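Both of the next two complexes hold chain A, though its partner changes from chain B to chain C.
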Partner chain A sequence: MDRLRLLLPLAWRNLWRNPRRTVITVIVVSVGLWSILFFSVLLNAWSQSSRDTTLKMMTGEVEIHAPGYLDDPTVAHRMAPPSGALAQILNSPAVKAYASRVRVSAIVQSEYKTLPITLTGVTPEKERALSVLPAQTEDGRYLSTAHDDGIVLGRNLVKRLKTRIGKRVVVMVQDTDGKLAERAFEVIGVFSASQQVENEFAFVGISGAQSLTGLDQDISEIVLDAANEKSLPALMNALKAAAPALDIQTWRTIAPLAYAVSTFFNEFVIMWLWVMFALMAIGIVNTQLMAVFERVREFGLLQALGMRPRLVLLEVALESALLIGLGVVAGAGLAVFTVRAFPNGLDLGFLARGAELVGAGRVLDLKVDPGEFFLYSAIVWALGVIAALWPAWRASRVSPVAAMGRA
Partner chain B sequence: MSTIVECRGVAKRYRQGALSVDALRGLDLQIEEGDFASLAGPSGSGKTTLLNILGGLDRPSAGSVKIAGEDITKLDNNALADLRLKRIGFVFQAYNLIPVLSAVENVEFILQLLGAPPKERRARATEMLEEVALAGLDNRRPAQLSGGQQQRVAVARALASRPAIVLADEPTANLDSKTAEDLISLMSRLNESSGVTFLMATHDQRVIERTRRHIVITDGRIASDERRTRPAS
Partner chain C sequence: MRLKPIVMQLGFVLLAAPALAAPPDADALLRAAFDNWRANSSMTEITMTVYRPDWRRSMKMKAWTRGDDDALVRFVAPAKDAGNATLKKGDETWIFNPKLNQVIKLPASMLAQSWMGSDFSYNDLSKADDILTKYTHRLINTEQSDGHAVYAIEALPKPDAPVVWGKLLVKVRDDGVMLSESYFDQDMKLVREMTTEKVSELGGRQYPVVMTMRPAGESDKWTTIETVSAQFDIALPAYVFTLSNLQNPRD
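Let's look at the complex of A and B:
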């Protein structure tokens, strides 16, 4: 502690002997750290958005199907509604929400056009707990019960069919007997989502879908969210044990692109951290080496006066720690300021549909994660100090006689 | 009167590639407590080499060097640093103050290295600055002091830890006549009042005339060692 009291003021004042160099280094470190932290926030938000876009539309964290359904999503691959051990797990606290669906390929026809869709029979109250689409019904209304006679279509599909709320459309499917079945539904609501979702999905009450397809009480899938994502593996094991004959998969395998996007962003942050750190380290080491070379005579003097080489090393290392510390504080502050500049999230409207291609929503919710900020700042600070140990070590190896003999 | 410095057969050989230069050739020397001695000789005679060895800044190639009875040739780098801190005060030709510290902090720095409590070291540093007639200039940085004032701070710093000996290498070389005279008087007064032992390598005749002992070194050996009871005033 005494040594710190001796060296700290010395190190701090030495920093400001060449203010321009110090300021430049602080800027380099702070901009580097800012970019790491802001990219981390941005990519985390993007990753979260991508995940939410996937999981909050139609895909749950876990999906249960009859074997073969994912390859051939028809009524041929149907399953009974949950019962017994499976129903017990689905209604346990380990499951946040679940819904049974009928989901089959179909044709929708208006008086102007015929288009392919995925007909989805839902139980509205269950669906609201799993998907954001019911809440995104902007015109008309969403389905009210499982027996609702109406149909809810995506905005783009409505436009392409040249239909509107109050008009009727005909839905055609292949039923369980392999025959073509059709039924007219009144358009009761229009939802907004990504272009692909708007074009693909049409929602009707599950009872209507079951009677149209001849499924009776059978369903196509069960979709669920776990109460806690960390307990997902344990939940998966329990589900597989309860329904060994069914195909049970997590969103990671069902939506591999969304999962890849989310994990890629995490890895990208780490990669960016190393790239930025390498650039910063070059600047830091260069600055400190210059500072050491300019002050060789002074380090000789300190040793001549009786300062042990270890203390000389500590003094130079402290200078680096302070220098990098200033940059880290400035960089972290700048990153917090930047994130706070977007209190309502970052609107990616300017990217138009481009953002959808990588699965992101329109608005990224930027959030400062204090733990992550602290971790990355500490890593940059510690690595910077370690990089600057080399110049410090050189300073401590100065021979007093040789150093004092320098002009 | 005890012996502060005792050199026996001290030699120093520098190697520069295939070439070797003998800076000191079996030199014997004793400095007694309270000596006020000058060390003179032509350039390259070995004055600075001898001071460096006595100060523990360099090691002899042969021979033994004892400071206050301790053979310093056997000490490692850390022990030598401790020796310089506790037993030896340095005054250099180029002042060599720490530029980012004020006058009083420069003096205090040594005491801080020694682990003296804050109040005690500040009092001692202030006292030493008063002793060298720099009272009131405590908070000036070296760049705000004249050459003579900087050298006085260096003397105050050298004496702050109450060392066994002060080694001065050409202390007046960078000073004008008046300032040099003042510095010599100051060191002489400190020697007489506090009994501090001084050994000064110098070409300056005014310094030589004011010392009570004059050692001449030629070709790495002591050529003459003259003690004077009454130096020129």
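Let's look at the complex of A and C:
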């Protein structure tokens, strides 16, 4: 402790013997750490957004279908509404929310255009708990009951159909007899989402969809969210045991892209950390080696005066720790400051619709995760100190005689 | 004793008068127009010409109809299109393409698509009588033209009828010749219009021989169909409206 009290001021003063070099190193470290932290925030926000756009739009965490539905989403692959053990699980606290849907390919026709859609018959109150789309109904209103006569379309689809709220569109589907069934719906609401979702989905009351397709009480799918993510595997097992004849899958297999994006981004942050660290290490080691070479005489003198090599090593390591510590604090501060600069999230509007291709929403909600910030800062600091042990070791190996002999 | 015939006569006049004064029934007028157009059965030869700003193209076809629901159209010229055929039976429509040698049942998504590149859609073919069944009709105007009374009939979709149009406006002559059919969107803006350009005697009746379909707002695009010859109310063999005849013509 006493030694530290002696060495700490020494190290601190040594740090500022060459302020320019110190500042440059601090900048290198802080910019490196800043990039790691900001990337991690950005990519986390991105993968969160990509998960949300996928799961909270239509997918949910678990989907239950009749076997074959996913390959051929028609009325032929239908299932009975949940009953018995399955209904029990769905209504248990392990399930946060669930909804039954009729979901079939269909055609929507206006006076000017005929376009393919996925007709989705929903129970509005259940849907609100699972999907953000009801809340994203920007014009008009969302469906009010399962018997609602209206249809809710995406903004872009409405534009392409040249229709609007209050007008009638005709929906055509194949019914259970294989015949063409058609029905007029009044457009009552327009929702905003990604362009693909806007173009694909049209929502009607589930009763209307069931009578149109001739499904009667049958449904196409059940979508549910688990009460918490960790209980998902257990819930899956329970569901599979309760309904062995049905095809039950999690979002990871139904929306592989969203899953890939979220795992890839985590890997990417780690990879970036190593790349940045390698660059930082070169800078730190270079600076400290320079410092050590310049001060060979000094280290020789210190040892000649009786300072143990161990203490020399400690002194130089302490110097590096302070130097990198400064950089780490500055970098973390800079990263927090940068994130704070986007209080309303990062608007990807400038990417136009490009961001949607990789599954992200329009606005990325940037958040500082203190645990992650601390972890990455600590890793960079610790690795930096370890790298700086080499110059420190060189300093401690200076022979007093040879050193004093140098001019 | 002489009172009775007078009373009877009076009664007859009283009964008949409203019938004479009443405007003709819109439903009946439309029905008559469709009957005149297609009869119980028909066999016609038609030339269809598609006009576009840079080109025009003529196709010859033969068409058979039976009742309201069944129709078969087969192209006979030019050689490039010959053999293409469309069969409509009840609610279903099939097309046959000789180059693919395949019969395809038309999916709903294709029904609104252009038929052989013209301004007609498959729907015009397969849902021609929608106007009779899915609309309510009202006589809105009567005028005289060329010695005929011309009735303008407005057709509004029945509530919940699966139709996209806001209204149709049809002009029918008193002898059952269809003069025009206009399609309006739900803002009552004209979208497309079919007009009869020439009426003459064909197959023993007055017939709209040349008809033109024009999309509204595009003055340089239209399609004309000219009926070259026609026979009505003939006995057609049952095999005409079959998938096998669609693919392998027997005539």
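We adopt the following convention: the second predicted complex is superposed on the first by the 407 of 407 C-alpha atoms of A that agree within 3 Å, B and C clash if a C-alpha of one lies under 4 Å from a C-alpha of the other, contacts with A are read in each partner's own complex, and residues count from 1 in each chain.
Please note the rule applied: contacts are C-beta pairs under 8 Å (C-beta built on N, C-alpha and C of every residue); 3 or more make two chains touch, one makes a residue touch a chain.
The model shown is predicted, which means the values in this text are computed figures rather than measured ones.
*Asks:* With everything superposed onto chain A, say whether chain B and chain C fit together or clash.
*Replies:* fit
*Asks:* Determine how wide the angle is at the CA centre of chain A between the CA centres of chain C and chain B, giving a multiple of 10 degrees.
*Replies:* The angle comes out at 160 degrees.
*Asks:* Touching A:183 in the superposition: chain B (first), chain C (second), both, neither?
*Replies:* second
*Asks:* Just to be sure I read the superposition right, which of the two partners does A:229 touch: chain B = first, chain C = second, or both, or neither?
*Replies:* Neither partner.
*Asks:* Quick one: is A:13 in contact with chain B, with chain C, with both, or with neither? Answer first, second, both or neither.
*Replies:* first
*Asks:* Taking the superposition on A as described, I'd like to know which of chain B and chain C A:107 touches: first, second, both or neither.
*Replies:* After superposition on chain A, A:107 lies in contact with chain C alone.
*Asks:* Please work out how little space separates the C-alpha atoms of chain B and chain C at their nearest point after superposition, in whole Å.
*Replies:* 85
*Asks:* Where on chain A do the contacts with chain B and the contacts with chain C coincide?
*Replies:* Looking at chain A, the two contact sets are disjoint.
*Asks:* Show which residues of chain A lie in contact with chain B when the two form their complex.
*Replies:* For chain A paired with chain B, touching residues are 2, 5-6, 10, 13-14, 17, 297-298, 301-311, 400-401, 404.
*Asks:* Where on chain B is chain A touching in the complex?
*Replies:* Answer in residue numbers: 52, 55, 57-58, 77-78, 81-86, 90, 92, 96, 98-101, 109-110, 112-113, 115, 157.
*Asks:* Hey, which residues of chain A end up touching chain C in the complex?
*Replies:* 107, 109-114, 116, 163, 167-170, 172-174, 179-180, 182-184
*Asks:* Under the touch definition given earlier, write down the residues of chain C that touch chain A in their complex.
*Replies:* That would be residues 91-92, 107-109, 111-113, 157, 160-166, 183, 185-186, 191 of chain C.
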